[in-house]
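Have a look at these structures, which come just after this line.
In the two complexes that follow, subunit A is the common piece, with subunit B as its partner first and subunit C second.
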Partner chain A sequence: MHYISKLTYYLVIILIILSINFFLPRAMPGDPLAYVLGENPDMPTRMTEEEREMRLAEYGLDKPLLEQYLNYMVGLSRGDLGCSIYYNTPVMDEILVRLKWTLLLTGTSTVIYMLLGIFLGAESAWARGKKKDTGSLITILTVSSFPTFFLGTLLAIFFAANLDLFPLGGARIIGASYANPFEKALDILHHLVLPAATLIIAHIGGTYLLMRNSMLSVLGADYILSARAKGLSERYIMNRHAIKNALLPVVTMAALTVQFMIIGTIFVEKVFAYPGVGNLLYDSVLRRDYPLLQGIFLFIAISVVIANFIADMTYLWLDPRVRDE
Partner chain B sequence: MTGVTVKDVLGSLGLGILVILVAVSIFAPQIAPYDPHDTYKPMEHPSSEHLLGTNDVGNDILSEVIYGTRVSLFIAFTVSITAIVIGTALGLIAGYSGGVLGFLIMRIVDIFLTIPRLVLIIVIAAFMPRSIWTIIVVFIIFGWVMTARIVRSEVLTLRSQYYVESARMLGGSDLYILWRHILPNVIPLVVVQFIMEASHVIIAEAGLSFLGLGDPVARSWGTTFHYAFECPNIITSDVWMWWMLPPGLCIVATVLGFTFVGYALEERLNPKLKTVVGMGV
Partner chain C sequence: MKKQKTVITLVFAALICSAACMAFSVTALAEEDNVAATDGDRIVRSVGGEVGTSDWRYPAPFTFYPRGPGYVRMSMLFDTLTWKDANGVVPALANGWRVSDDGKTWTFYLNKDARWHDGEQFTADDVKFTFDYMKDYEGEFTWFEAIDYVDNVEIVDDYTVIVSLNEPMASFLVDIAGNMPILPEHIWSSVSDPTKFTGDDAVIGTGPMKLVEYNSAEGFYHYEANYDYYNGKLIVDEFITMGVSNAAASLKNGDVDEATFWGSAVDAVNEFVDDDDFEIITGPSFWVLQIIFNCDADKGYPTNNVTFRRAIAYGIDREEIVEQKLHGGGVAANTGILHPDAIWYNPDCEGYAYNVAEANAILDSLGFTEKVDGIRQYPSGAERSGDLKFVLYTTGKYLREGELIQAQLEKIGIKIELTPSDWTTIDSYLRDAEFDMVISGHGGIANPQIMRIPDWPASTYQSEEYTSTFAEQEVTLDFDDRKELVNQLQEMVAEDLPVYTLYHPYIWCVYNPDVLDTWFYTRDGICIGIPIELNKLIFLARYGDANENGKINMQDVTVIERMIMELDEPTDMADANKDETINMLDVTCVELTILGRAPIRCE
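Here is the complex of A and B:
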């Protein structure tokens, strides 16, 4: 029963997102045709009346709103997100070409920042009130105050421009021919270090604080006291009793933070000229490529909703108390 | 050091930073050496005339950053105050009256929390004219949600408290109870929420402006950074030191100021947290 109502809820959300995407160019000040053609809506158009009508018909903008809406939905169901003005290719193709890089970048960073955040948060809570705890708390609060683009730029300046340890940008050396797959992997990894490091530093704060708080409340529980009374070693209590129980809220939050990760990726990919979906979004804003921009928005929004749905399902499955309510 | 905790130190430090920044934004015309729109020789290195040099069109960078304080803080405060007032009002209604209206408000809250906020903000802002009002409006649209949710759940608890029930039995009207008994108890939560929202808006506005969606005339720190970033070869030369570092550090300082104040206030204003967080620092 829970599963069905959740599913309905998420389907409604997706319908709302699709509708926002449809009505956005039509509700905004300015001519919807200007958005489809990528013209600056603030500038007077140079089109003649006949030309304009021809264009409107070409994009189906002369039809009644309801018919436009239905056509849009039918197109979407076929995976048709429209055509990019700048590239003059289907939006879906442009996204798919870049998707693998974004998945590589976000995937690697998510795994590392989660593990690192859990470890540091647990250690910090264990040493609560001591210098080590205060030190890491202040460091992490400070680092979390850096906007992602500023953090990335600083890393690029120090480690790429000045120390020359890593490449300034890109996902691999353009036009390089590799002797073997291992060499290729190494090159990709070399390009991945700085963007991934930026994302990890920018996102570790949330997991760290959550884990620290969760650990602190677990440490006050009776079973920790009895474990101590049994004479178990501190390390053993921490690893076997405390961390395990403190993990639940952190795991639940993991999928919910997907959207922050995706937003961070937009900035990181821009700073490091990483050829992913985020960089494409930035370019589409600058070039006023509205069909591309809207396609990427839909793609990201729906991915995030699906991630949230999976998180909800996992939570129901993990915690019987919620399930049987 | 007896009686002075890390929280107190951080709190005062944060407050100090915020007071300085507010002062800079109020007295920007007196402090800034030039009008940020006056043009001089472009791409000048720092000198006694231009302490932070000039940008690609010849504006004095120091003046631009000083005036940027105004833009960034104005956006942050306008958005968070409006969003918090709306959120508190809707949260009070949803929590106190319940019914269809309350249900409707909470469904909207759920939907807003599920849709990725900043991505939608980027798309909407891309369709609207580039101005600080665009940014203010789009942030308010999404800013009230969390507050409404937090206030509602607090009101639900407060509503069934004995003193609220007795006030009602003594014939207190709904408006009187809300104003006299519920609101004062919600205020501490709202203050913490205001600080968190303000610091969120500072970072999000900087991000939006970095993407080129900021007001090109009233330049915030993020917009200054955007134009610096779009300039070729900036990070391989020394120019970043006076063109990127100052606006970047201003953003960090502001967010830190809010974070530290929020961190120090959280426990003092919300004693319930003490049992969990208070075990720590």
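Here is the complex of A and C:
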């Protein structure tokens, strides 16, 4: 029963999101054609009023908003996200071709910053008040509070421009010929280091703090005291009793991370010219590419809703108190 | 305890999921095809902008993004009847041409050696087919609209066509013959939806380059040489234009071999001036930044009054803006819009030298005499009241210019409210005439066609004289007559000030000469006025580079030049490219100088 009402709740949420996705981009002034006539240092296209109207009609943008909305919904129900106005190709294709880069970047950094955050948070709490704790607390909070684009630029200037250890940007050497797939993977990883490092540094603070706090409250619990009374070693208590219990809130965190997996990288992708979804989103806003914007938002929204749904269900299962409410 | 185990399992499941994503990505990415380049290939990498702005869509004739960089990427693959080099129009698919006295009949003699990338022979049929196809799908090819001028195309023999126009068209040789990509009939005759036609067949042209890969996500175009090219020998094996995050740093790191800078990027360019590894050429951007006034009779008070606009023109110190914003990377603009380096430039347009006294006198005479806190007030009974105050829109890029203008106009008692916005938004205000003033720029000012109203931004400007003069120059074939009319157009703009031009930035090409040394700026811009340096002729052994190594140096000197230069041992015959005929390709830099035609580049 509870599962069903939850499910209905999520369906309503998705419907609302779809509507917002549709109307929000269109509420911005301007239309997709203005971008053609933009200000770049090149030859502009000349377009008469009639041609302009003809183009808008081609994209169905001349119809009343309500009709456009209905068409969009009907298309969606068939799984059709429409065609991008700028690229003139299916929205799905444009997203998928970039999604793998974004997943590579966020996937790598998520694994590393979660593990590192959990480990450092636990260690820090265990050594609470000691030099080791204060030292890591101050360091991590300081570097993590830099905005990502600033941090990214710093890393790019230092490690790429000055030391030339890593590439300045991009996801691989374009036009390179590789002897084997391994060499290619190595090139991709080489390009991944700086953007991933930026994300890891920027996001580790959250996990670290959460783990540290959660660990602190666990350490005050009675069963830790009884574990100590049993004469168990400190390491054993930390690993087998404390960390396990302190990880609970991190589950929630993991669910919330899903949205970051796709969207949290706009600035990093911009700084490192990384060909991901974040970059695409940024450019699509400038281009007023309505279908593409809708598609990207939909992607993000649905993954967040699904992640929350899973987290909700997990909680029901984990914690009887939630189920009884 | 069981639950805690579950929690741990879940956390690790999440991490494993992430790791799986990562693994999936790596595998997916590693499996993608990559083209093996052979060692020793000459690869040239050029900056196409930032990632995101370096993508101009698929480079097929009907799918490229209809702006200069999009056209240029397509033009590597497809040739036109004529083309342009540093000095002006040169033959391409047409070896030569003739025009009838009435200017309505053009005969083109086609190149007999041209082949399509798939090996098929190029003939007159393809040319006729292209003209017919462009007419059938008018509006689908969004890059130009002049196909209306063409009445019909007649095939005389396999390599001669006659193009008949409905009326004379002064710019035919450039705007149509030098602009319209010729399509292979054997492919396009079965294509009924050209804007959706992509794939390998859609990029088969006659151009010097063939497409290897286009990648929209990473924003790069990868080309390889078409060694069978009819119009010269290829000196480059592969060419890549790609997005980078920072052009100057990428050049220095050697990630790219060439990059474009313009305007306020002068500081980045200056870093390369003393660097022996790089060379710099400066070109005209054919771009202008201007203030657009609202001249609309109903909505534009008081900027719809030409005298008022002149007061503002006198009140703006353009030299200060060039100095402060561009650090010398540009010049104060021609008030008649067209670029000083264009052949159509009129040097006699009113300059509106900075003159506060004159500006004040005009404003006083218009009745804006009363001042509150130094700001003039609207006269009583006017359409507006209170402070003489305007909203000035601009994109973030030109905020500094806006601030300078704000400070300057305050001195003559005009208050400016500077409002940054994005271009798409500003464009919608412009189209609805819902604005006072806008700072905005556009390119294409080598070609008088850009002055058509309302296609350029001053759409609120109404002048019958202007419109009729514009129409007349479009059909005037005699260069001097047409130039006179274009001069008048520029004077009208300078007099009436629907826009007040601020500056023309310079554009620079910074390159590594060890990789490629043939970069040049095209006379009046590529095609109909694209100011960038990506002219496909850079890939060819060109005049002056007799031994076709892409560099002009002593080894290119031929026997005639050696004699002239009084060197004892001639190393080569006059047939510098050793194709056993003596033709234009053998003509080198020194010879061109003697012939009175400036070479592209000379060391």
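Just so we're on the same page, the second predicted complex is superposed on the first by the 269 of 325 C-alpha atoms of A that agree within 3 Å, B and C clash if a C-alpha of one lies under 4 Å from a C-alpha of the other, contacts with A are read in each partner's own complex, and residues count from 1 in each chain.
Everything below uses one rule, namely that a residue touches a chain if its C-beta (ideal position, glycine included) is under 8 Å from a C-beta of that chain, and two chains touch if they have at least 3 such contacts.
Fair warning: this is a prediction, and the values are worked out from it, not measured in the lab.
Can A:305 be said to touch subunit B (first), subunit C (second), both, or neither?
first
Which chain makes contact with more of the residues of subunit A, subunit B or else subunit C?
C
With the two complexes superposed on chain A, say which partner A:212 touches: subunit B (first), subunit C (second), both, or neither.
Only subunit B is touched by A:212; subunit C is not.
Now for A:28: first (subunit B), second (subunit C), both, or neither, which partner does it touch?
It touches subunit B and subunit C both.
Now for A:188: first (subunit B), second (subunit C), both, or neither, which partner does it touch?
second
Does the superposition put A:254 against subunit B (first), subunit C (second), both, or neither?
The second partner, subunit C, only.
Once the shared chain is lined up, is A:156 touching subunit B (first), subunit C (second), both, or neither of them?
Both partners.
Return first, second, both or neither, reflecting whether A:133 touches subunit B, subunit C, both chains, or no partner chain.
The answer is first: A:133 touches subunit B but not subunit C.
Can A:275 be said to touch subunit B (first), subunit C (second), both, or neither?
second
Report for A:62: first if it touches subunit B alone, second if subunit C alone, otherwise both or neither.
neither
Where on subunit A do the contacts with subunit B and the contacts with subunit C coincide?
Touching subunit B and subunit C on subunit A: residues 28-30, 35, 42, 156, 161, 168, 270-271, 282, 286, 288.
Going by the contact rule at the top, pick out the subunit B residues touching subunit A in the complex.
Listed in rising order, the residues of subunit B that touch subunit A are 6, 10, 110-111, 114-120, 122-124, 126-129, 199, 203, 206-207, 210-213, 222, 225, 229, 235-236, 240, 244, 248, 251-252, 255-256, 259-260, 263, 276-277, 279-281.
In their complex, what parts of subunit A are in touch with subunit C?
Residue list for subunit A touching subunit C: 28-31, 34-49, 51, 54-55, 86-89, 94, 97-98, 100-101, 103-104, 106-108, 110-111, 114-115, 118, 156, 160-161, 164, 167-172, 174-178, 181, 184-185, 188, 244-245, 247-248, 250-251, 254, 257, 261, 269-276, 279-280, 282-283, 286, 288, 314, 318.
What residues of subunit C sit close enough to touch subunit A in their complex?
For this pair, the touching residues of subunit C are 3-8, 10-11, 14-15, 18-22, 24-26, 28-31, 34-37, 43, 45, 50-53, 57, 63, 65-69, 71, 139, 142-143, 145, 195-196, 215-220, 222, 238, 240, 242-246, 249-250, 252-253, 255, 262-263, 285-287, 395, 397, 422-425, 427-429, 440-444, 449-450, 452, 454-456, 505, 507, 525, 527-532.
Would you mind writing out the residues of subunit A in touch with subunit B in their complex?
Those in contact with subunit B are residues 9-10, 12-13, 16-17, 20, 24-25, 28-30, 35, 42, 125, 128-129, 133-134, 137-138, 141-142, 144-150, 153-154, 156-157, 161, 168, 212-213, 216-217, 219-220, 259, 262-263, 266-267, 270-271, 281-282, 285-286, 288, 290, 293-294, 297, 300-301, 304-305, 308.
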